[in-house]
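As written, the chains take the letters A, B, C and D, and residue 1 is the first residue of each chain.
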Amino acid sequence: MHSVSIRSLDLHFGAVKVLQNLDLDIFDGEFLVLLGSSGCGKSTLLNCIAGLLDVTDGQIFIKDKNVTWLEPNERGIGMVFQSYALYPQMTVEGNLSFGLRNARMPKAEIAKRVARAAEILQIEPLLKRKPAALSGGQRQRVAIGRALVRDVDVFLFDEPLSNLDAKLRADLRVEIKRLHQNLENTMIYVTHDQVEAMTLADRIAIMKGGQIMQLASPAEIYNRPGNKYVADFIGSPSMNFLEGMLDSGRFTTSGETLDTTAYPFSGSTAHGPATMGVRPEHVATGHEMQSLPIQADVSVELVEPMGSDTLVWTQFAGQTFRFRMDGQAEVAPGDTIRIGIDPAKASFFDQKTELRL
Amino acid sequence: MTSTDARTVEAGNGSRPPNPLLKNLSAKIASVPMALTALVIFLGCTGWTVVHSFTSSKLLPKLDFVGLDQYDRLWSTRRWLVSIENLAIYGICSLIFTLVIGFTLAALLDRKVRFESAFRTIYLYPFALSFIVTGLVWQWLLNPELGIQNVVRSLGWESFSFDPLYNPDIVIFGILIAGLWQGTGLIMVIMLAGLRGIDEDIWKAARVDGIPVWKTYVLVIIPMMRPVFVTALVLITSGIVKIYDLVVAQTSGGPGIASEVPAKYVYDRMFSSQNLGQGFAASTMMLLMVAIILIPWAYLEFGGKKRG
Amino acid sequence: MADVTASTNGNGIPATGLVEGPRGAKPKRTFSRGNIFLYGTLIVVAVYYALPLWVMVVTSLKGMPEIRMGNIFAPPVEITFQPWVKAWAEACTGINCDGLSRGFWNSVRILVPSVVLSIAVASVNGYALSNWKFKGSEVFFTILMLGAFIPYQVMIYPIVILLREMGLYGTLWGLVLVHTIFGMPILTLLFRNYFTSIPMDLFKAARVDGAGFWGIYFRVMVPMALPIFVVAMILQVTGIWNDFLFGVIYTKPEIYPMTVQLNNIVNSVQGVKEYNVNMAATLLTGLVPLTIYFVSGKLFVRGIAAGAVKG
Amino acid sequence: MKPITGILAATALASGTAAFATDLEVTHWWTSGGEAAAVAEFAKAFDATGNQWVDGAIAGSGNTARPIIVSRILGGDPMGATQLNHGRQAEELIEAGLMMDLTEIAEAEGWKDIVNPSTLLDGCTVDGKIYCAPVNIHSWQWMWLSNKAFEDAGVPVPTNWTEFVEAAPALEAAGKIPLAMGQQPWQQGGAFNVILTAVGGIELIDKIQGQKDMDAAMGPEFAEVWTAFAKARDMAAKSTVQDWNQATNLVITGQAGGQIMGDWAQGEFQVAEQTAGEDYTCLPGLGLEAILDTGGDAFYFPVNDDPEITAAQKELAALLLKPEVQVAFNSKKGSMPVRGDVDLGTVNACMKKGLDLLAAGNIMPSREQVLTQDTINEINDLLTEFWADPSYSPEDAQKAYADIISRAE
């Protein structure tokens, strides 16, 4: 059963087409992350679901009910914003109960719900305070609580952690995940941070130019990116790309010819110009390398030690190539290292369509 | 995915887009006063006046068109020409002096002086006073038998003469003195805010480079304050065209017609001479003047932004 | 002038009239040439600005004989409050000799509804323009902004006709309406800019919480905009109190505001000009805005500057 | 001023018992000392009828007050009655049907027979109907001289303009301002008309202003008038006061030799308790052309829907011309009554001169009757500019004047 369904959604701002013919089905209880760089339309899509933007064409269903033209509060959603959006002149309690008071809910019921939300989020001691007297993390909890008290099926998160510092962000991320596990309701979460996306999502929808590039589980997206954009977007440091020709199990790039027989091509045969993508962490050195079908000697140009591991910059087949080594490895510019690549873990894309081969 | 049709059926009012006219209905209702003001007053009344400036309306407005007759008469009337000349002199001087004095005072105050707030308070308080009050005060101060001239003479300098309000050649400067007294404080405050908004590092960089303070102001700070100057400029000019109360209180246009201004011409023709057509023609010319000042500015401001 | 910034004595203790913090190694004299020039200029200019107020105050406290004899800058030899009493309660416009007090109360009666109404309308406008844009709203706004630059003279007569048709001509409410209309461009801009600066998320959150147009305005926006309301209030109080043109055109003698009455009292002479009474009357008229200015200094500056600074 | 308020208050109490006590707002611009005292007479008489006079004095000259009055009538908020100079000022208002037709009352009261000169009523008549009630006759054609000033200067008090001009150097030598003049345009405008009448003669003024004869306007006779006015400008160079009564005050106190001003200036002399012939001397027509222009004030009654107010308006209109009211008002105002059959009692020497001229029929129409306010204002602007700028030559000014006349309606 679908919790949220979006049917051929279009949104235009004048001549600018922000969303184009977009379809998306979100399952009940699913945690879906909309991921993309700024301007890709992910927040716009979320705002459409919330009813904060009027769509140009298409339909939106929440719990099988067509809500395309309903007011935000009639849709059965709760929303958490990047800037917290707490009402500064109201206490935490006031903030939590504002929506319920607008809905003219009996006082007792309001009190019950506020108490429950405060308990879940452990913000009971803060109830009488004003937002100005709260820390960033506390404010975001209150903002989540505001969605919680509404007792709705769908939670919408609009980059809720972007304004927090790195440590808090990691903490709150875990909390949101725990919340999802406990509440089991549908959550749609917009972010540009791939770590958040990978850690939280059941499925990730990667967006670009108002369209969904790939909708899949985090593992699938990481391991089998559907196109070059997704491959480039996911992973840090990002994937190495080698331009070349693919011809009957061989990939030729700048004089090097690589054996690709181990790669599971989706089509029967793949010929023609292609791009090979290799994640820096999938490049092996040392004895692991020896069993791999592709091997080469590269000269180290630059070393970036990052503690847990070290990023090494080299040239491979005349193109910039990075790979990851153990943090304890001792390498210096000028060293020559022999590397190995497993074609099974690599990705191949058609140079023209940029789709996965 | 399974049964879109069924969904549509049970969806109810959410599936149909509301009438676009009724959308944001409260907002539209709430905007009625604004819309009425914009359309009826600013567009309607202005258009009405412009149309009637081509008629021979006397005491009562009537649509008896006489072409450009009113404008002919307007531009052959001494008093109007004097008014325009006065406005030009007052305008240019007021613009230059207000900017220079305003900026200089702001720059001086920005040198981290002691009692800054006391100085600022003194410089700005005249702005709280109306033009009527300003005009009356300066009428007395510039009165030769009572004011500054009298005081200086009583100190022994018998030949001292300072009676701008009684000399047709310089009366407009007498009004300028009062106008500057009233208005420079505001420009100073705006300039001061502009100066405070400039990054301290600019000053540090200039000092490291060994640029003298005055040169830093001229070459670095003033160019950086362009938006502030534009604001000040628009503010001063729109005030200049409206000048009326000050003249009424200070000189009533005298001596003779030496300190008449366009706004007063309009008022007198409309209400005292009972020649509405003439008043409308004069006010239409005022509108044209504003447009001449405003259009290049708007072009620079907004045309520039689009390019950028 | 460079001397002025780097003025501190060697041990880092700020010298008289100087800045704190070490700025240079070289000790500076307190009365450096630059300093004398700086403070000299500031004080001379301050005298120019302060003098008229001083003259008004001292003259209003003198008797007529003293004014005729002495110089206008000298403090009164014998202080008398009679001119103030006369200006307030006895000065004549025509055969009505109840002084400025009538004008004062008229001004108050004009001021209160004008300020309330103009701010109410403009704040709703600003709110609608920043959060509830609809087709055409920007067009209205643009016209409104252009309207701020149209000389009043162009519109005064047609407004006479409009007010007549509405039966409001010569009434207090007619003038209130005029003040509301002409205060609208700047106030709307002020509020629009302020409401635009409030994060859009807050507005969205309130909508998700089920608040409508008025609900969000009254329960979310207004409480957040209190500072800007104060600023707008200062702007309007000073502006309306000091108005002369509209007061003279759209009202009749019984409800003339104080500025118009002041001009009448001062410029209609019966016998000798009583300068002390006139000065007292002038001061009385300036008292309300001056009080606001001296009491709420910073906010006043903000208000005036906000009215000045465009979007 | 206090007593007036007192009277008003007292009558307000008294009128509480009257059957039809209607408040009637009356606007006027009589605000100087003598004028205000005269208005109080109207108020007293009207209040005695059981109605109540609500005073709507508007400070300043007619030029300030008139727009307010007119725009209130146009603005749909008419007063009960209002002062206006009869003449062309109200023409359009009457044509627009905004003024009450007083013909009925005029006939009942027999105004046609009693109003003298009858031209006064002509000024109120449009299409055979009477729309205003003239209340007094005011003439601009006066010059007021300070006997003390001439005594101080050691010259005899002049008997006409020519002598006055000759005496000017002596006055100046004695530290006096020969001619007092306020700085408001209407004062120069009025004074010029007086000089035009006196120096140019009655025919010239009729040709120029009445017939708009361009030859006369450009002719040598008119040039002489301008020379005389330029002379007046020189004599008044040191007079820097603004208001007419301040200028009159200069004459009263002997600081100035004389002033060209309408007969309302007489009120100021009375307030200052000066005696005509003893302390001051008056010269009608500048002693050259003994004639009076019969301008003056009239009351108009804007149309009102309220029948009670209409009744009160009619009552007031009739009252204004009653003999006793005319006497009381005009004595205080220093103006002449509009009916020849009343006796002001002991009138001073100046008033006597005026009444004699009136009785002899030496009269001419006032500027307000001949020219529109628009033209008058334009002329005033020209004259005040000429007055304030000594370098403005009489020749140029004559041309500018002729120009305005050529455009006048």
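Note that in this section contacts are C-beta pairs under 8 Å (C-beta built on N, C-alpha and C of every residue); 3 or more make two chains touch, one makes a residue touch a chain.
Note that this is a predicted model, so its numbers are computed, not measured.
Common neighbours of subunit A and subunit B under the contact definition above: C.
Using the contact threshold fixed earlier, the set of chains in contact with both subunit C and subunit D is B.
Chains joined by the most contact pairs: B-C.
With chains reduced to the mean position of their C-alpha atoms, the one farthest from subunit D is A. Look at where the CA atoms of subunit A average out and do the same for subunit D: the two points lie 91 Å apart. Remark: subunit B and subunit D have CA centroids separated by 40 Å (rounded to whole angstrom). Spacing of subunit A relative to subunit C, judged by their CA centroids, is 54 angstrom.
For the pair subunit B and subunit C, the distance between mean C-alpha positions equals 15 Å. Of all residues in subunit B, those that touch two or more other chains are 23, 252, 270-271. Residue positions 249, 267 of subunit C each touch two or more of the other chains.
Working note: touching chain pairs come out as A-B, A-C, B-C, B-D, C-D.
Residues 1-2, 4-5, 17-19, 38-39, 41-42, 45-46, 48-53, 55-56, 59, 67, 71-73, 121, 124-125, 127-129, 132, 134-137, 140-141, 143-144, 146-159, 161-162, 180-181, 184, 188, 212-214, 238, 241-245, 249, 259, 262-263, 266-267, 275, 278-279, 282, 285-286, 289-290, 292-294, 297, 300-301, 304-305, 308-310 of subunit C are the ones that touch subunit B when the two sit in their complex.
Only residues 2, 5, 7, 25, 54, 59, 61, 64-70, 74 of subunit A touch subunit B when the two sit together in their complex. Subunit B makes touch with subunit D in their complex at residues 58-60, 73, 76-79, 82, 144-145, 166, 168, 252, 254-258, 268-275, 278.
On the side of subunit D, the complex with subunit C involves touching residues 1-2, 4-5, 27, 29-33, 36, 39-40, 55-60, 68, 71-72, 74-77, 242-243, 245-246, 249.
Residue ranges on subunit B touching subunit A, taken from their complex, read 1, 4, 7-8, 10-18, 23.
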